[in-house]
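Next up is a structure, given as C-alpha cells.
Letters A, B, C and D name the chains as they come in the text, with residue numbers starting at 1 for each one.
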Amino acid sequence: MGKDGKNHGEGGHITRRQLIGYASAAGFTTALAGCSGEEPEETTDNGLDDSDDASLVYATTISPSTIDPMRASDNFENIYTVNVYDSLLNYTDDSPPQLEAGLATDWEVSDDEQTYEFTLRDDATFHNGDPVTASDVAYSFERMQELQDGLSWMWDGTIEPEGVTAIDETTVEIETERTFAPFLFTLPYHPIVNEAEVEENDEDWLEQNDAGSGPYELVEHEREERIVLERADDWWGDDPAGEPFEEVTLEIVPEEGTVNGMMGDGSADITDEWLSVESYEELDDLDHVWVSDEVTFSPLYVFMHTQREPLDDVNVRRAISYAVDYQQIVDDILLGNADQMQGPLPAEMWGHNDDAIQYEQDIDQAQEYLDESDHDPEDIELTYTYVTGLTVTENIGLLLQTNLNELGIDLELEAAPWTRITDMTTSQDTTSDMHAIYLSFSYVDPDTFLYPAWHSSSHGSWESAAWYENDEVDQLLDDARTEVDVDQRTEYYEEAQEIIAEEAPALFLVNEAELYGVNERIGGYVDNGLVGYSKAFWRLYEES
Amino acid sequence: MGFKSYVIRRTLAGIPVFIGLSILIFTLARVLPGDPARLALGPRASEEAVQSLREEMGLHDPIVVQYLDYMAGLFQGDMGISLTTNRNVAADLLYFFPATFELITVGMLIAIVLGIPLGIIAGQNKDEAEDNASRLFAFFGVSMPAFWAAILLQLLFAFHLGLLPATGRIGVEAPPRITGLMLVDSLVATDFEAFRSALAHLLLPAFTLALAPMADIARMTRSSFIEEFNKDYVHALHSSGIPGKLIAYKYVLKASFASTLTIIALDYGFLIGSAFLIEIVFAWPGMARYGVDAILANDINAIIGVTLVVGVVFIVANLVVDILYGYFDPRVRYGGDEE
Amino acid sequence: MSSLTNWVQSEAMENRKESARRIAYRFRQNPLSLVGLGIIGGLVFVAIFAPYIARHPQDAGYMGEPAVDFANRFAEPSLAHPFGTDQAGRDILSRVIFGTRYSLALGLFVLTFAIGIGVPVGLVAGYVGGFVGQALMRLTDVFLSVPPLVLALAVAVPLQPSLRNAMIAIAVVWWPWYARLVYGEVVSVREEQFVEASRGIGASRLRIIFREILPNVMAPITVKFSLDMGYAILIGAGLGFLGLGAQPPTPEWGTMIAEGRAYLPAQWWYSTFPGLAIFLAVLGFNLLGDGLRDVLDVEVD
Amino acid sequence: MTDPILELRDLEVHFNTFDGRAEVINGVDLTVEEGETVAIVGESGCGKSVTAETVMGMLPQPPGEIVNGELYYRDEELLGDETAHERVKTESLGMIFQDPMTSLSPVFTVGEMMRDVMTYQNKTNVGWLEIFRNIVGRRDVSEADMHDRCIELLDRLQIPDPEGILDRYPIELSGGMRQRVLIAMAMLGEPEFLIADEPTTALDVTVQDQILDLLSEQVKREDLSMLYITHNLGVARRIADRIYVMYAGEIAEVGSCEDILDEPLHPYSRGLVDSVPKLTEFDREGIEGLIPNYTEPPSGCRFHPRCPAAVAGECDVTRPPRFELADGREVACLLYEDGLSPAAANEIAATEADTNRGSGTTHGRSSGPRESDESIESLTQRMEDANE
C-alpha cells in the first residue's frame, strides 16, 4: 500500500509523485517567504483560506485519484479514509503503534487462530444517522474483496467474502482461510461503509459523498482543489486534550512554493512529506512552525539479483555491501534525515534484531571478498535501476557508481517509470541487476517488510527484486505468520534477519525520516509513521 | 465556387486526417509495454482479477475490433477508464481541457497582439533600427526553449521581484465552474477578486507560451508586409489618391494577413505542444499536465485521449484558419486546393 | 565579335562557380548568419574537443570514470566552477560542454533519418503520383496533424526512456516534413519544361529524379536542415526535460534543466546554464538557417 | 514650345549586386510635353522599367540607388524631395502596370477599390479615426454617387455588366477585363499624367489592340500626357507621339514616332525596326547578341560589341554623346559625329556590317532573354517581372 506517494505506490500513484517532482519547482520559497514567511502576522489576506481557529488546513502537493474508501490506496486517500470512515480497530499514535478499539470494542480469537469474533459498539452511527450494524461490516468486507482495488490485496488469501458473517446486530464473525498472525494489524485499514447508502447510489457516488461513520464527514470535494471535512458531532470517540477542530480542509496545492507561503502566513497548518529538503529547512526557520522528522518505516533497499551472475555469488554481494559509503548517503545525500539500516528491518519495528550485521564502507574488506569470489571485477558490469524522478535514489546511484568504480566494477544507471519497474520485476530475466526500491509499509508487524521481500513465494513482485531463495528463511517467515505468541515470533524474525543480513541479498541502505511542517498551534501531532493514521485529525487540537 | 461549399469542403477534408490519426495513435498505444489490465489493478492484484479485467477490456480481441470498439465508444463520449484517475478519460479531458485551452488561447492572443504590430513596425522600417531590433527579438523568441524561458521568467517575476505568482491557476477560492475557463467563470460570477487572481496566474505562463509564436508572427508579418508593399497595386492605389495609411492598414494588411494567419494556425497547434512543457513548470492544472502524468504512468486510454484531443485542436485550428484564409484572400476560394 | 560568344559560353560554364560566388556574397552581406555560423562552428569545436576543454571531464562521465562529491554540492558559480556545481558536486560547466555532443548528435541523427525517409517518400509520392502518391501524402497529413513534441511523446512512451529512443521518436515524427517539402517541389518541378524535355528524349525516371529534381530540392532542404537542427535540439531537450529523453547522469541539457528545477530558486545556476547552452545552439542554427534562406532564396514551410 | 510637363535630367541609377555595382541607368534625359505621349522602347533589361520606376517613385532602394539626376514635374524637382514626389504621385500621376493581377489588390472587390479611390480624392492628411472607420466599412461619401461614377467609367471602358464587375474580385476577371478596370482605376483619380509600363504585354494580341484603343481614347478625351514603356515598336507606333530608344541604360535615339520608324538612325534602332514586321513579339534576330553586363559595361559605346557597324578603335573607346539633329531628333552614335547625313551613315554602317558578318559569328545561337537576364538577375525581381 502506499505510504508510497514517495516511493513505491500502486499504479498511478508514483506518477503523481513524479509530477510533484516537476511541479515542485521546489522550494519556491524565497519569493513567497518574502511576502509571507517572514512576516506571518501581516499577510493573512492572500485569500488562501483565512485560518479561523476552529479550522485545520492540511496542505498537500498531491491529489487523490479516488475517495472511494475501497479504492483508496495512497497516502492522501488513506488520510481521507481513516478520518471519514471507521474500521473495526484503530492504531494508537505510539511508536511502534498499538491496536485499539474502533467500531469493535471487543474481539475474541478462536483456538485455531482462524476465527475472530468482534463485538461492535452500539453507539456508532453513520453520518446520515443510520446505526452501524454487523451487516454493514460484512457488506464492507464483501465489497472490498469484490472490487479488488485499493488495499484489497492485504486480505487476499486470508478472507473470502462469505467468511464474514453478521451473527446479530452487533456481532461479526470472521473466519479466515488460513492462520495469519498479522491479521488484526490489517484491520485498521479496512473501512466500514453504510451498506444501504452505497447500494442505493451509483458506482461513483462515493467520489462526491461519504458513507462513513468516522470522526469527520465530507462536506465538499472540489476535484484537484480541496476536500473539506466537518467534525461529526455524534462520533463515538473521545475528544483530544484540547479543543478539537470543527473543520478540516485538505487543500490540494500542487506548487510547493505556495505550500510554504501558506505555512508562513498561517493559512495552512500541516504539510505533506513530499516537499524538498530545502523547503523543510525553510519551514524550520519559521517561528511558528516546527518540522517533524521522525524516522519510522521508510526503508530503502538496493536489491541485488541473487539468481544471476555475478550477484549470485555471496562474496560479490558482500564486497559491494562493503564498498558503499553509507555515511555520505546519510549525511550528504539525505542531509542527516535518515538512519543507516541494520539488517532488513527498520529499527523502529518491533522484533528488530540489534545484532544483525551492519555493513560499513571498508574497501579492504570489500576487496578481500571480491578476491574470494571467482569474478574479475574488470568483467563485472551491473545495471542499477531506480524510479524516474526520484532524486535520492538517483544520487545514490551516482554515489554507487563512484564507490564501485574503486573496486573496478562498472555500474550503469537506468531510470524507469514506476509502472515499468513493477513490470520488470515480474520475471527473473527482466529484473535488473540492482533495483533501488523503498519497501512499502502496510501494518505494524515485521511481516509487512520481511515476507514480501524475502519469502520465495513472493517472487515476481517489486518487493522481491532480489529473487532471494533460502529455505530456512522461508520456513522462519511461515512459522512467524502462523504463530501467535509474540515472543516466539520475535525469535523467528530475529533469526531470519540475521541470515538475510549475512547473505546480503540487498544493500540495506537507510531508513528515511519523513518530514512534515506543523504549525505550533496544533496540539497532539505525533508522526507514528503510519499511512493515514499519522494524520488522525481527531487527535489534534488547538493549542492554547 | 461559393464560400459555403469551400467551408464544407475544408471541413470534410479534416475527417480522414482524424481517422488516420486515431488509427496511428491507437496502434502506437497498443504496442505499449505492460499489460493495461495489470496496470489498472496495480502490482498486487491477483492473476485471475487481471484476466477478467482483460476480458472486460476486450484485450483479447483482434486489434481491429478493439479499435472499432474504441471509436464506437468515442462517439458516445466513452474514451475508456483512465488508469490513474479511475474516471472516464472523456470526463477527465472535459475537466482538464478548459485550463489548457484558456492558457494557449490567451497565449496566442498575446502573441498576435504583440507580434503583428512588431512585424508591421519592422516591415515599415525595413533595415532600420526598429527592424533589426524586432528581428533579433524574433530570433531570440524562437530559439529559447520554452521551459527554460519559463524558469527564467519565474525566477525573475515570481522569485526575485515577487510581482506574479510562480505557479497555479488561481490564488483565491475558484468561482463556480461553468465553462472551466477561470477568466470567464469569474466574470460570470462577477467575482473580480478571482478574476484578478486568475489573470495574474495566467500572465507568466501565457506570456512564456507566446514568445515563440510572437516571434514567428512578427517575422511573417514583416516579410509579407514588405512583399505586399512592393506590389504594383500599392503604387497604383497610391497614385489613384488613396492615403498611404489606408493602403498599409487596409489593403496591405489584409493581403498579408493571409500568410500571417497560416503561421497563427500552425503555431496554435505548436502551442498545445509547448503547453506540455509550460504546464509542468507552472503547475498549471491542464490537459497537458494530465497528459504527461498519463505518459509517465503508461495510462494508455488517457494517452490516446490526450493525443486525439491535441490532434483535433490542431485540425480544427487549421480548418478555422483555412476558412479565414478563404475569407481574407478570395484567390484561395476560387483557386482550388493550392494557393 | 567573337568575344561576345565566348563571354556567353564561359558565362554558362561558370554558372556554377558563379552561383557559389553569389551565395558567398549574399551570405557575407548578412552579418547575423555569420554569427550563426560562428556559434555552430564553436559548438562543433567544443563537441569534438570536449575532453580537452572541460576541466572535469569525469564529472560528465567521460571514460566511464564517474566522480561525485556530495560534500561539494551546490557550489555557487566561481572561478573554480564557473557554472557552479550540482547536487552531486559535479562541475556544471564540464557537463554543459559534454552536453554539446549529445544535442548535436541528436539533431544530426534525427535529421539524417528524417531526410533519409522523407525525401524518398516525397520523391515517390510526387513523381509517381496517382494512388500511391495520394496515400503517402495523406499519411504525412496524419503525422503533421499533431505537434511534433506531442507525437514524439506518444512514440517515446512505448520505448524505454533513453537518449537513443528519444532520437528515434523524434525522427519518426520528423520525416513527413521533408516528404511534404520534397513533394511540393517535385510537383512543381515535374511540370516544368526541362523535365518534360528530358522525358521526351527518353531519360529514365531515376535519371530525372537524380539529375533534375534532386538538385532542385537541395536548396530548400539545406535551409530546412539548418532551421530544423535547432528545432530538433529543442524537442530533444523537451523530451529530456519531461524525463523521456536522456537519463541522468547523462549530461544532456534538457535533462539537466529538469534536474535543476528541483533546486530552484536557491540553486538558480543549475537550470540556467544548460538552458543557455540550448538557447545558444538553437539560436546559431536559426541564424544560419535564416541566412541560408535569404541566400538561396527559398521559402520553407 | 511650352515647358515640358515632365523632365528627367541626366539620370544615373546604380544597383548594388554581388558582382559589384551595376550602372544600370547611365545618364538618361527625357522630356514629356503637355498632352504628349512618349514611348520608351528597348529590349528586356535595357533599363526602361527602371527609368519608369524612378519617375513613379517606386524604385526599390536598396538595391537601387539614384546616383545622379533630376526629375521635374511642372518645374518642381522631385528626386530630392520625397514629400513632393509623393504628393505629385497622388495628385497628378496615374499608373498602369504590366500585370493587371498584381496591380489590383487581390483581396478586395473592384467596387471597394474604386470607392476608396473616389472617397479620398484630393484629400490629404487622413486621420487614424477615418482609417479605422473605413476599415470597418464606413464612408462619408454617398454610396449612390460613387456607384454611378464607377458605372460610368467602367462603361466608358466598354466593360460588360459594370454592375456585376463591382462586386467581383480581380481573380474572377479575365486579363483584358482586369486591365480595363486598372485603366478605369487610374482614370478615377483624375490624373494629368499617365505612366504605363508595358500594359499590354501580358495580354492576347487581340485584346492588346482593344486596350490600346481604349487607352489612347482616354488619353485623347481627357487630354492627358503619358509615358509609355514598351519593348514593342509596333505598339509604340500606335500610341506614341515621340519615341525614346533605350539601350543598356542609355538613350540611343530620340525622335518622333514617324522619324524613328521610317528612318532609324542608330544602328540599334535600325535593328529594332527591322524586327517590327512581326508585331506580335519582339524578334531578336534583328540584333545579335545580348544586353551587356552592367557591372563591367563595355567601354566606349555600350552597344559596340553588338553593333554591326562598330568601328574598332573608336566605338570601343569613346562614349558617344547625343548628337542633336534636326526636329528634335537626337542620336547617340559616333557615326553622326560630324553631322553625317543619315544616308551616308547608313552606308558606312552597311559596309561595316557586311565585313563583320563575313566572319560569321553569332548566328543561330539560342540565346533567350533568360540568359541575358542572367547577368543582371539580381537587380530586382521587379525588372524581371516587367520584362518577361
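By our rule, a contact is a pair of C-beta atoms (placed from the backbone, for glycine too) under 8 Å apart; a residue touches a chain by one contact, two chains touch by 3 or more.
Quick caveat, the model's predicted, so the values are computed rather than measured.
Student: Give me the fewest steps it takes to get from chain A to chain D if each step has to go to a chain it touches.
Tutor: The fewest touching-chain steps linking chain A to chain D number 2.
Student: Return the chain pair with more inter-chain C-beta contacts, choosing between B-C and B-D.
Tutor: B-C
Student: As a quick test, compute the distance in whole Å between the mean CA positions of chain B and chain C.
Tutor: Each chain's C-alpha centroid was found; their separation is 24 Å.
Student: Compute the distance, rounded to whole Å, between the mean C-alpha positions of chain C and chain D.
Tutor: 47
Student: What is the distance in Å between the mean C-alpha positions of chain B and chain D?
Tutor: 50
Student: Rounded to the nearest whole Å, what is the centre-to-centre distance of chain A and chain B, using the mean of the C-alpha atoms as each centre?
Tutor: Roughly 40 Å, centre to centre.
Student: Where in chain C do residues touch two or more other chains at once?
Tutor: Touching at least two other chains: 242-243, 261, 264-265.
Student: Would you give the residues of chain B that are in contact with at least 2 other chains, written as numbers and ranges?
Tutor: In chain B, 33, 151, 154, 159-160, 280-281, 292, 296, 298 touch at least two other chains.
Student: Send over the residues of chain A in touch with two or more other chains.
Tutor: If we look for residues of chain A contacting two or more partner chains, we find 18, 22, 25, 28, 30-31, 388-389, 417, 420.
Student: Please give the residue numbers of chain B that touch chain A in the complex, ascending.
Tutor: Touch residues, chain B against chain A: 33-35, 38-46, 49, 83-87, 95, 151, 154, 158-160, 162, 165-168, 171-174, 193, 197, 280-281, 283, 285, 289, 292-293, 296-299.
Student: Okay, in this complex, where on chain C does chain A touch?
Tutor: Chain C residues touching chain A: 64-68, 70-71, 73, 87-88, 160-161, 242-243, 247-249, 258-259, 261-266.
Student: Give the list of chain C residues in touch with chain B in this complex.
Tutor: Going through chain C, the ones touching chain B are 32, 138-139, 141-143, 145-151, 153-155, 157-158, 230, 234, 237-238, 241-244, 254, 257, 261, 264-265, 268, 271-272, 275-276, 278-279, 282-283, 286-287, 290, 301.
Student: Help me check something: in the complex, which residues belonging to chain A touch chain B?
Tutor: Per the stated touch rule, the residues are 10-12, 14-16, 18-19, 22-23, 25, 28, 30-32, 34-35, 46-49, 65-66, 71, 73, 148-149, 153, 156, 204, 207, 222-225, 253-255, 257-258, 388-389, 417-420, 422-423, 461-462.
Student: Can you list the residues on chain D that touch chain B in the complex?
Tutor: Listed in rising order, the residues of chain D that touch chain B are 56, 58, 60, 62, 86, 89-91, 93-97, 99, 102-108, 113, 116-117, 120-124, 126, 128, 131, 134-135, 169, 171-172, 182, 185-186, 188-189, 191, 382.
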